[in-house]
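Have a look at the structure below before the remarks.
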Amino acid sequence: MSYKEKIARRAAREVAPGQVINLGIGLPTFIPHYLPPDFPVMIHSENGILGMGLRSERGTEDRNLIDAGGGYVTTLPGASFFDSALSFALVRGGRLDIAFLGALEVAENGDLANWIIPGKFAPGIGGGMELAQKARRLIITTTHTTKKGDPKIIRSCTLPLTAAGCVDTIITELAVIDVTDDGLTLREIAAETDLETVRNRTGADLILPGGGAAAVPTF
Amino acid sequence: MSYKEKIARRAAREVAPGQVINLGIGLPTFIPHYLPPDFPVMIHSENGILGMGLRSERGTEDRNLIDAGGGYVTTLPGASFFDSALSFALVRGGRLDIAFLGALEVAENGDLANWIIPGKFAPGIGGGMELAQKARRLIITTTHTTKKGDPKIIRSCTLPLTAAGCVDTIITELAVIDVTDDGLTLREIAAETDLETVRNRTGADLILPGGGAAAVPTF
Amino acid sequence: MGITMDKTTTAVEAAIARVGDGAAVMVGGFGVPGTPFILIDALLDAGVENLTLIKNEANEDHMGVSKLIEAGRVKKLITSHLGLNGAVIGMMNSGEIEVEFYPQGILAEKIRAGGAGLLGFVTDIGIDTILRENKQMVTVNGKEAIFEPALTADVALIHASVADRAGNLAYTKSGRNFNPLMATAADCVIAEAERIVETGGLDPDAIHTPAAFVDHIVPIRDVTAEYGILQHHVV
Amino acid sequence: MGITMDKTTTAVEAAIARVGDGAAVMVGGFGVPGTPFILIDALLDAGVENLTLIKNEANEDHMGVSKLIEAGRVKKLITSHLGLNGAVIGMMNSGEIEVEFYPQGILAEKIRAGGAGLLGFVTDIGIDTILRENKQMVTVNGKEAIFEPALTADVALIHASVADRAGNLAYTKSGRNFNPLMATAADCVIAEAERIVETGGLDPDAIHTPAAFVDHIVPIRDVTAEYGILQHHVV
């Protein structure tokens, strides 16, 4: 199983029945594949869709129906279409239960940076800032480290923020970490790794569940 | 012909083909009766209708279809329904060619007072303030004087304003008067009256068309 | 994966129990069309008090929200116009109820802004009138304008013509009015519907309120006389 | 009395002639769905320059509005995200075009505010980020927030699925996006439509843009390949 699959599969377990969720571009779009059949969920897309299904199978694409990343998608019975103002009213108005987004950096206080690397990568803002700031719960799905091996989870962000204190949970190929008032709390670690490795690859302190007395559950 | 009919009939002649118009409660609702058959016009109602027709004939009322005054109305082919936010976006955004409203007082600078008599009459604001301030053209349809015989057209309003400098034209049973940069300009007088009477019943100076050399046209 | 939540299973009394004493309640409707009479009656039966009511008008005497107001359940009314309700105007004049008036489109816009998660908007409507008194002003391009705060509520009571079980709503004709705006602007949204269809039974391009905004659907079993033609408005 | 104006009679070249040098032009669409390719091509053919372009994105390289930008016709682009357009990012980085970015929903809201005749709105989006730099701030309930001015344009180019002759529009699926907002926010609104029906042929409850907002309808005689499936987005 690839990192991507592992993260998406674990992320899917965070969704409760009946929730309204938004899946950022890239990795999060794989999450629905790991939801149980007939699991009740409404997937929102920034470009004006509620009730998305899976990606369109080849040959069944609808030229009028893409998600916010440009991929052709299906809809489920009960889906609806609306304009971009109502789409973000839904987000900012508090009707989005979970947003799943990627990250360049996450700080131990929940700050998120994922939209710009000044002078290098500045394609714009998109819908991510509003999703990060206003979803009832923000779950970051990301590799634990950068391609160069540097930790993405750090004491404080060095890049311009997407939103401050917005992250609730971080899911990587190595760990599930909750941002709490006390700091980053390790909830689970991957079965393939160990605590030492997770700590080495994390650029901030990790609080162990139960004060460290109990073994950390695996996923 | 009653005052009401005379004013509504004259007011109808101010509408150009293809315009979008709004008819205030009361007298203005009679205007459509005096438009030629098949005259192209879109009548807007604040409660979310574009393309109203005449009032519903007895027995044909639709419980889901009233105008902003509570009267049962019909719609024409090409009508549409929308919410109250879009309804006033149309008004404030500049897509309303003419609003017809009644008046308590109109001042010679175009100020309008028609919504409140402090301590006496204060039923609320309704849509009139936005119609008055934002219609491309505001035409006041009103009796020339109050029931007591006092002029409604005066030097400056004594009642709280609906909007300042908003009135373009005043149509009464006695006269058609345009508000211009120079002041109130008499465009027409009713065939049944004379200049002396109109002047006596008007509480502000009236400029005569063509500097007074020509006879004032009648209606 | 599916959209199988059924929001039609809560009894009207249980849904209305979400409205507590002192709650702010938005009520859809402009005249009879779009007014949720059954939900209003249930709220009257529930006996809660000190409500702040937000509605375009107060219906007419002894009808709809006017029943709540006349029964003394409403402390404050936020509205646009009461021209067709002498009873409530009387209560306002005698100080039995506090009334806050807004231009109709500004009231709609305040509710929409609340639903859109904005703090408010800036407008020149009323700038030359007594409405500017006690308003927060903002200077835009050197000119003063009025800041209008967004408006939200604890509960919104909505009337739809048709709903699916997932909570998608569609309105009919002039019954739309404030309903779709209020459906975005409250923590809890309760909609009554004249007709319930299975989820998937509505055209996704013609849904006016997407299901995510709606918490409970109350089927209307009997479209009572209250929803019918008002004879005094017939020509 | 009737709604008999026919807005489909102006040739596309004549309609597009409403766009002058230096004009601010809003263009609907989010990706391919809702992008008015035929109107964009007509604008390209018209040869006007120094445009300010307002669009969610810039389409992808060599497609849609990217053609206008790559041809040097656009002085300034007001947008949300250019992630799928390397050509325009390159022109931005080399200073060939000025780009102003907004969060996607804030861009939508600015356009809507323009269409609604507001001066702007107040939001906390971006309040803890570099986006607050150089913004006008407003203090609401003791907290600072960002004032975002409304956005309007000289002309809006709209893609509809179906229009009636009077100018009522309906959009399909994710092709709605910014189109109905932009259709309210420009002095002149030109809409292309895949299908024209007689006035009265659309369900009045399912019209997305009422006719009053629309000045010209351009029938699409041939839904070209540009409107079709992008193979590089197929799985």
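A, B, C and D are the chain letters, set down in written order, and residue numbers restart from 1 in every chain.
Just so we're on the same page, contacts are C-beta pairs under 8 Å (C-beta built on N, C-alpha and C of every residue); 3 or more make two chains touch, one makes a residue touch a chain.
Please read these numbers as outputs of a predicted model, since none were measured by experiment.
Touching subunit B and subunit D at once are the following chains: C. Listed by label, the chains touching subunit A and subunit C alike are D. Distances between chain centres, each the mean of the C-alpha atoms, put B farthest from subunit D. Per-chain Cα centroids separate subunit B from subunit C by 30 Å.
Work out the mean CA point of subunit C and of subunit D, and you get 32 Å between them.
Computed centre separation for the pair subunit A/subunit B is 56 angstrom, with centres defined by C-alpha atoms. Along subunit D, residues 109, 112, 116-118, 123-124, 171-173, 176, 204-205 each make contact with two or more other chains.
Contacts with at least two other chains are made by residues 81-82, 85, 88-89, 91-92, 134 of subunit A.
Interchain contacts give a graph that is no line, ring or star and is not complete, per the touch definition above. The set of touching chain pairs reads A-C, A-D, B-C, B-D, C-D, using the touch definition from the header. Only residues 1-5, 112, 114-118, 164, 166, 168, 184-185, 198-200, 202, 204-205, 207, 210-213 of subunit D touch subunit B when the two sit together in their complex. Subunit A meets subunit C in the complex at residues 17-18, 20, 32, 35-42, 44, 50-51, 53-54, 75-82, 85-86, 88-96, 134. Residues of subunit D touching subunit A in their complex: 30-33, 56-57, 79-84, 89, 99, 101-109, 111-112, 123-126, 128-131, 161, 171-181, 208, 227-230, 233-235.
On subunit C, the positions that touch subunit D within their shared complex are 109, 113, 116-124, 136, 138, 140, 145, 147, 149, 170-173, 176, 203-206. By the touch rule above, subunit B contacts subunit C in their complex via residues 25, 45-49, 55-58, 61-68, 70-72, 81-85, 87-89, 91-92, 122-130, 133-134, 160-165.
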